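Going in written order, the chains are labelled A, B, C and D, and every chain counts its residues from 1.
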Amino acid sequence: MPQSLDEVRYELALANRMVAHEGVLDAFGHVSMRHPGDPNRYLLSRSRSPELVEPGDILEFDLDSEPVAPPTVRLYGERVIHGEIYKARPDVTAVCHHHAAAFMPYCVSGEEVVPVYHLGAVIGAKAPFWDQRDDFGDTNLLVIEPEEGASLAKALGPHWVVVMRRHGATVAGRTLQEVVFRTIYSCRNAEYLTQAKLIGIPSPLNPREAERAAEYNLAAGPVSRAWEYWSMRLAKAGGTPPRATKSTRSGARSGARSAAARSKSPRAAKKTAKKGRR
Amino acid sequence: MPQSLDEVRYELALANRMVAHEGVLDAFGHVSMRHPGDPNRYLLSRSRSPELVEPGDILEFDLDSEPVAPPTVRLYGERVIHGEIYKARPDVTAVCHHHAAAFMPYCVSGEEVVPVYHLGAVIGAKAPFWDQRDDFGDTNLLVIEPEEGASLAKALGPHWVVVMRRHGATVAGRTLQEVVFRTIYSCRNAEYLTQAKLIGIPSPLNPREAERAAEYNLAAGPVSRAWEYWSMRLAKAGGTPPRATKSTRSGARSGARSAAARSKSPRAAKKTAKKGRR
Amino acid sequence: MPQSLDEVRYELALANRMVAHEGVLDAFGHVSMRHPGDPNRYLLSRSRSPELVEPGDILEFDLDSEPVAPPTVRLYGERVIHGEIYKARPDVTAVCHHHAAAFMPYCVSGEEVVPVYHLGAVIGAKAPFWDQRDDFGDTNLLVIEPEEGASLAKALGPHWVVVMRRHGATVAGRTLQEVVFRTIYSCRNAEYLTQAKLIGIPSPLNPREAERAAEYNLAAGPVSRAWEYWSMRLAKAGGTPPRATKSTRSGARSGARSAAARSKSPRAAKKTAKKGRR
Amino acid sequence: MPQSLDEVRYELALANRMVAHEGVLDAFGHVSMRHPGDPNRYLLSRSRSPELVEPGDILEFDLDSEPVAPPTVRLYGERVIHGEIYKARPDVTAVCHHHAAAFMPYCVSGEEVVPVYHLGAVIGAKAPFWDQRDDFGDTNLLVIEPEEGASLAKALGPHWVVVMRRHGATVAGRTLQEVVFRTIYSCRNAEYLTQAKLIGIPSPLNPREAERAAEYNLAAGPVSRAWEYWSMRLAKAGGTPPRATKSTRSGARSGARSAAARSKSPRAAKKTAKKGRR
């Protein structure tokens, strides 16, 4: 992998901002990436709205979702979503967890999200539905404990999108660009499916169509064309992430420290860090 | 309370602009806050669209919604919504009254707004419906008289959101940040509920899920993460309120006076002030 | 009327841009105003998208919708909508004609637009439906000929909003600010009505509620608060109209001439002018 | 045709950006134009999101959709849509292919898009539905091979808009301005039709109304008014295409080369170019 870790952190910050800017993420949700040099680690921001993530916010975690360096900042409560999927799926290199408006009617009604157009084929043949109650009964609807993450990863199985009851969805990809592409176009697909249900009876792509269209659209050409487009839109809105400054270049830890310095609740962050999970 | 009153006024102006910028308020609606130093007073802007409110526009009112200092500016007609809720609910520190598109279908059809996803749990188990006709027959649908405000506060009861027939909704919170968070995410919840009704049969969170998810999401971490996000969005749109200038720093009264100086209809404002309520 | 005609032209350009910026008008539609000094004339822009109208584009027409000065620019084809309403309704001082998305489902299905919330009460008790075929059979669906405008004005009758089959709507007001307010809030009302129909059975305000709520909301306070808000939004988007330059100050004619100089198709404009109506 | 080829390329880049900025195109979709000096050629951008297209990106193709000069850049996979329509329809001078949200419910459900209001009349009396399976069975849902493009052109027949099963739509016009106008207003029409279906029973314009309204609205006046409006909106958003620089003025090839220099994957592009079709 020729990219420096600094470059990777920049790309991941960009991905978080891009997906947020396209309306899929808001104050919540996150995009992560497997560590390019160590498959037993992954990269994820400290707890912060995705449209604000900077390269210096990106920290390293092991696959149990424990931070590699002692954190001095607040961490996302739901990072086990990422860790458990990387553990269960060696072919997955990037993960996005979101609560997009497009998916919510499906999370809330239990109706199935099926691919209905060529770009929606990136969902794959099936998007399984995860009902947390099957394993855990009544919960706070979040995915905080490792076993909750593992249950979700199991529900995802060999697929690429899992719909989470009354919560949102989680999307996996073989590359960072792919997970961004799949996240955004699966939302578009869900929107069109909803609209089509209002005026007629949509039927899903058949398996052969779904497979062929996914293969075409997930090639480097379409995926990088879309990446350029979303980058441009983000840039026009003044949302491009800053390049890491010298002081944050020496690694995740110093980046985290400088982030902590900016944080308004260092006490809360410390308490969190001690608890090891929040 | 370590914050200066100037800082509080700034935060309240920011909250008004933030909620408006997220599409919940438009030309109308308002966010208020109980006075941090005197539980028998509250802070609310002079009559002005919330996205325009400046720290110097914020005035003090007693719980009968009378201005503490003789006003030289026009006041909101519906301020009793705030005063009567502060009177009835000592645990409430901030109130938002709005007419958001998300709630209107419920205000107009009488269908119930129920929490359907983890962030929607901030609504609480129930959002009561207030039909003004029960107490007052045919009205202008507004909440102007103290007894109208008291009737609304009674309908709210121990809950956090009250849906107002053919009018809008009013949201209460234990902190200013909480009322902003609840206002915005209860709107998101209503939108998803509407969409879910179009494609299937949504069922509400059960009480245990609602309670647990609300507790998690109303903790300091999620609430301040969202506050930072909405602040950033407002700032990018050039909407951050100005800091109070020296001339308006000496208190609400001088703030009001300087606001009056900018007002285009001082005569109308005076007439209003004399009537004591408008 | 203390306002200079220059000031009036500026306000009318502002109203056109404001209503467009709020999403009611697009490339088409227009706002006009009765001449403040001569009730037998009205002011309307040359043919140009409303969000582009400048004070120097505003021309004078008599109530037969003929330009007072020989035009050197293209005129709106549908200006008889304005002229015939001013002729039929001496109490009307401003008119807006639009094709807003909010109204289209009603124009196309014939379902009735009824007021369903306090601000929607500005529609009035009834918004009549005009079906051009009753008087003219199959047409191009536009309102070009004086008799077409007169038929529309007759359908409007004593009301404030008329829904036009497969075309759009026309809104009247007693002041320019009122017509802007009614135009925007009648669109909001139509949107909420549509949404409410999807999830339940909305019923209209009863006549007493409608009357009282309209009276309250059409007072100077609410109407000017909203005007300030929409002006601010337009200004933030860089859309405030330019002030008339010296060369266009001497009257409508010179304004029109300078507009013609900027026009890209002077030949087409001349042909139009000769035909007297386009 | 007095326009220089440079000017034509600029206008085509502008059209691509305009239609994208109005929400019809996103990362995908494209607008082309028949070569003004040679009816056996057409102009289309290299593979790039339409909102990013620059005059220097515009290349020349023959009606078999082969590039006139050996390409050094990636080409659109679906350019046969354009070539085959120009081949089959000598009266067509511009083509837009899109996947707009407005059309998707129809692509997915098979319900018919019919004109329901005066501006929607630009669709024409009928928008045929193309189901690729009739000729080709299960495909990747794209239009890559010349025979696929020919099949689509045949489905379009003498009409102006063809709806493509689970894919999108293709729109033809007699001028570039007309195709932009028809593309945008046919989307608006589809949106209003969908909304009208939710609250009532819309019926299409009758053939005489459709014909008369289309004739009126496709005249130079309305079409250029809308063009000015969409240009202004694009300009305000900072999206106007750059004028071709000196180095790209000498023709499509050098433009393509300079574009290639900016491209991030020249290797991929070369491979594409060798394959002749991608």
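Note that a contact is a pair of C-beta atoms (placed from the backbone, for glycine too) under 8 Å apart; a residue touches a chain by one contact, two chains touch by 3 or more.
The shown structure was predicted, so the numbers you read here are calculated from the model rather than taken from an experiment.
The set of chains in contact with chain B as well as chain C is empty. Annotation: the chain A:chain B pair of sequence copies touches via predominantly different residues, less than half of the used numbers being shared.
Its C-alpha atoms superposed on chain C, chain A is turned by 180 degrees; the angle is given in steps of 5. For this pair, chain B with chain D, the centres built from the Cα atoms lie 47 Å apart.
For the pair chain A and chain D, the distance between mean C-alpha positions equals 33 Å.
Counting partners per residue, chain D has 198 as the residues that reach two or more other chains.
Those chain pairs judged to touch are A-B, A-D, B-C, C-D.
Within the complex formed with chain A, the chain B residues making contact are 116-119, 121, 188, 191-193, 195-196, 198-202, 205-206, 208-209, 212-213, 215-216, 220-222, 224-226, 228-230, 232-233, 236.
Per the touch definition, chain D reaches chain A in the complex via residues 26-28, 47-49, 51-52, 74, 77, 99, 101, 104-111, 138-142, 166-168, 194, 197-198, 237-239, 264-265, 268, 272, 278.
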